[in-house]
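Each in structure tokens, the structures are laid out below.
Look for chain A in each of the two complexes below; its partner is chain B in the first and chain C in the second.
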Partner chain A sequence: MFGEKVIELIKEAERNRGTLDQFNDETIRQIIEEMHVLFKLNMNDANSTTENKSLWTTVQVRHSALERNKRCLLAYLYNRMNKIKTLRWEFGSVLPPDVRELLSDGEYDWFSKYSTNLATYMRSLGEDIGYHGIDLTENLRPPKSLYIEVLCVSDHGKFELEDGDVIMLKKNTRHFLPASECQTLIRKGILQQIV
Partner chain B sequence: MDTEDIELSEEEEEITAETVLKTLQIAWQNERLAPEILPHRNDMVECMLGQIQHMERNINKLPKTDLRASIHQMELNRIKYIICNYLKTRLDKIEKYCISIVNDEKQRIESGSNYLTVSEFRYAQEYLLNMENHLKSTVLNHVPGNMQSFEMNKMAIYPNLQSHIFLKANDTINGIILEDLLGDHDEEIDLEEGSQHILQYKPVAELVKNGKVQLV
Partner chain C sequence: MANYLSITDILVTNEKVPCKFLHDLPKMGFMDPSATEDDLKAGTNVEIPIWLAESLHARRPPLVSVELPKIYKETYREILNADACTVDMHKLGQYFYELGCYIAKYDIKGEVATTLIDTFKQRFRMILSASVSTDSITALQPLSTSERDRTAGAVVTEKALSGWLKRGDCPLTTATMVANHRKRKRAEMEML
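Right, the complex of A and B next:
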């Protein structure tokens, strides 16, 4: 049957909505191969159909299969792009290595471009009034309190606060820090909020 | 909000920081609730950013242990959150409806009624370009010849203007025409000042944009 591989691909994406899977190189390659086979068959039949109209239906069916494959492939990529986008907001412009492995080279390329584009936009915010941009990823959740208590999960080293104080973030130490300044570290998994 | 130390600088028009904040809050609310992208309120955002800068300088003059400092700081963080979330909501819409927004915006720029700021528009174009390149290099360039085109029209996602929204009328508005999509019994309604309704977004889209009604 035509288009079986592509359904597999879509189903796989559908199953894990919240998480990102390994980029499925192999299946995509097979689907594209299938498309080439279909295309060649169609070309042969289409050239001979001028006298033999009985092949038209076959050509039509193959053509729909081709279009369907194309559409599903693009949907797969688009879906992944949306997931990768959220990574930028969660991790910042540098991805942890285990996440990086899930992306194909093309996707990683896209991620860097997306990241640069976003950074350019954020830098341009408030430029006219002498601001050096705003980091939109810092304020993703509504602020509940000024200071929060955090537990340091892994060694990070020195961390300078906005008011100039420098603190040492060592494993298993507890700190009472301004909520706005440790959000990034919490997302990176270095700090953990104690509720 | 405490207005005593946040008077606006003299060269500005006569609006208080409070009105700016209120306008910004309404813009934020509308943006979050409306299905399509709304005209930007960059003037308000920049004005508020200026205020924040000003207030931060004032707070830094106070000793850290001062109660006023932490109350003001909290207030600032809340305002910052509103601004960030407002801008992020817009970005999300721009990314989602990228193709339709870029197309519409090109026409709007010609008529001088642009909805996006300059940098937002640049962002949208760049985003679209990146998406196209990525799809091309991963799939489209490898499929058979007649399948290689990047079909903009098929890829475009349009906001659902038929979705329903809650709204509050800021003014009395007469004669809003609600189209009857199935039959031909168009209905005409009036909104009273301060009243609240559930309506389809499309008939009131213009009213949201010019501030006659607000979404709640």
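Right, the complex of A and C next:
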């Protein structure tokens, strides 16, 4: 039956809505191969329909299968693209190596370009009123207080504050820090706010 | 085509419907599991995915005629009309409403459409009342996929609303995708 390989791919995407999977090179290659075969069969049969009129129905069926495969592949890529967009907002412009290897080369190119675009846009904001850009990925929630208490959940190493102080972020240590400076680390899951 | 890139719509259109072929299909015998010949004869009844059925039905002249799957037929419609809330939607059809929207076109009398709306109205009331009270979600009859999503959405909204009404402060949290990625990595580590 047609279009079964491609459904595997789609189901995989559906199962893990919240995370990104390894780019499925192998399955995609198989699907494209299937499409090449279908296309060739169709070309042969379409050329011979002049003698044998009854073949046109078969051509139609295969054509539908081709369109279906195309649709599923596009949907797979599109959904991954949306997730990669989220990666930029949640992991920042530099991806950790274990996330980086989930992307295909083409996707990584796209990520870099998206990242550059976003950075250029953020730099351009507020130029007319004398600011030098705003980081839109910060302050996603209104801050309730200037300083917050945080717990460090994984070893991060040295961290320099804006006033020049350097603190050591070691696992299970508590700190009292300006909210503006530690929120990025909280979003990356290195710190945790203590309420 | 609507929802061209939607994963859900692709899964919905993968559901099978019974069809009758109106023309001979040379070399397509493999579509009918019980057939022994290479060619598929006109008049054969085969279950094919609805994406294929839709596109073959749309050809001029149409290659297939689509029939109603059994869960949209008279017998099941009677059960649903009697009391939709007691039905196990998970078993009946994961994509009951979505598939129904496709199927409704092929029902000339329009009864499928009415059943869909009535079923939705009855079950929506049940889901809504269950999701604003805190305890009874698990007590519900198994739900279809879209109903489950809707329930989950309702619970989140309800929680957000009550948090806001209490003027609670919203602590900064780890971004969802980062958290999910971690969780999964941990699960993989444990499996090794």
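Quick notes on this one:
Convention: the second predicted complex is superposed on the first by the 174 of 195 C-alpha atoms of A that agree within 3 Å, B and C clash if a C-alpha of one lies under 4 Å from a C-alpha of the other, contacts with A are read in each partner's own complex, and residues count from 1 in each chain.
The criterion applied here is as follows: a residue touches a chain if its C-beta (ideal position, glycine included) is under 8 Å from a C-beta of that chain, and two chains touch if they have at least 3 such contacts.
Keep in mind that what you see is a predicted model, and the values were worked out from it rather than measured.
Once the two complexes are laid over each other on the shared chain, residue contacts for A:64 go to chain C alone; chain B is not touched. By the document's definition of touching, of the two partners only chain B reaches A:126; chain C does not. Contact with both chain B and chain C is seen for A:74 once the two complexes are overlaid on the shared chain. Touch criterion met: A:113 reaches chain B, while chain C stays clear of it.
Of the two partner chains placed around the shared chain by superposition, chain B is the only one that A:28 touches, whereas chain C remains out of contact. Contact with neither chain B nor chain C is seen for A:149 once the two complexes are overlaid on the shared chain. In the superposed model, A:160 makes contact with neither chain B nor chain C. On chain A, the surface patch touched by chain B in one complex and by chain C in the other comprises residues 67, 71, 74, 78, 141, 179.
Of all the residues in chain A, the ones that touch chain C in their complex are 1-3, 7, 10-11, 13-14, 16, 18-20, 52, 54-55, 57-58, 60-61, 64-65, 67-68, 71-72, 74-75, 78-79, 83, 86-87, 89-91, 98-99, 141, 144, 148, 179, 183, 186-189, 192-193, 195.
Taken together, the chain C residues at the contact with chain A in this complex read 4-8, 10-11, 14, 23-28, 30-31, 49, 51-52, 55-56, 59, 63, 169-182, 184-185. Across the complex, chain B is touched by residues 28, 32, 35-36, 38-39, 66-67, 69-71, 73-74, 77-78, 81, 85, 104, 106-107, 109-110, 113-114, 117-118, 120-121, 124-126, 128-131, 134, 136, 138-143, 145-146, 163, 179-180 of chain A.
On the side of chain B, the complex with chain A involves touching residues 45-46, 49-50, 53, 64, 70, 73-74, 77-78, 80-81, 83-85, 87-88, 91, 95, 119-120, 122-123, 126-127, 130-131, 133-135, 137-139, 142-147, 154-155.
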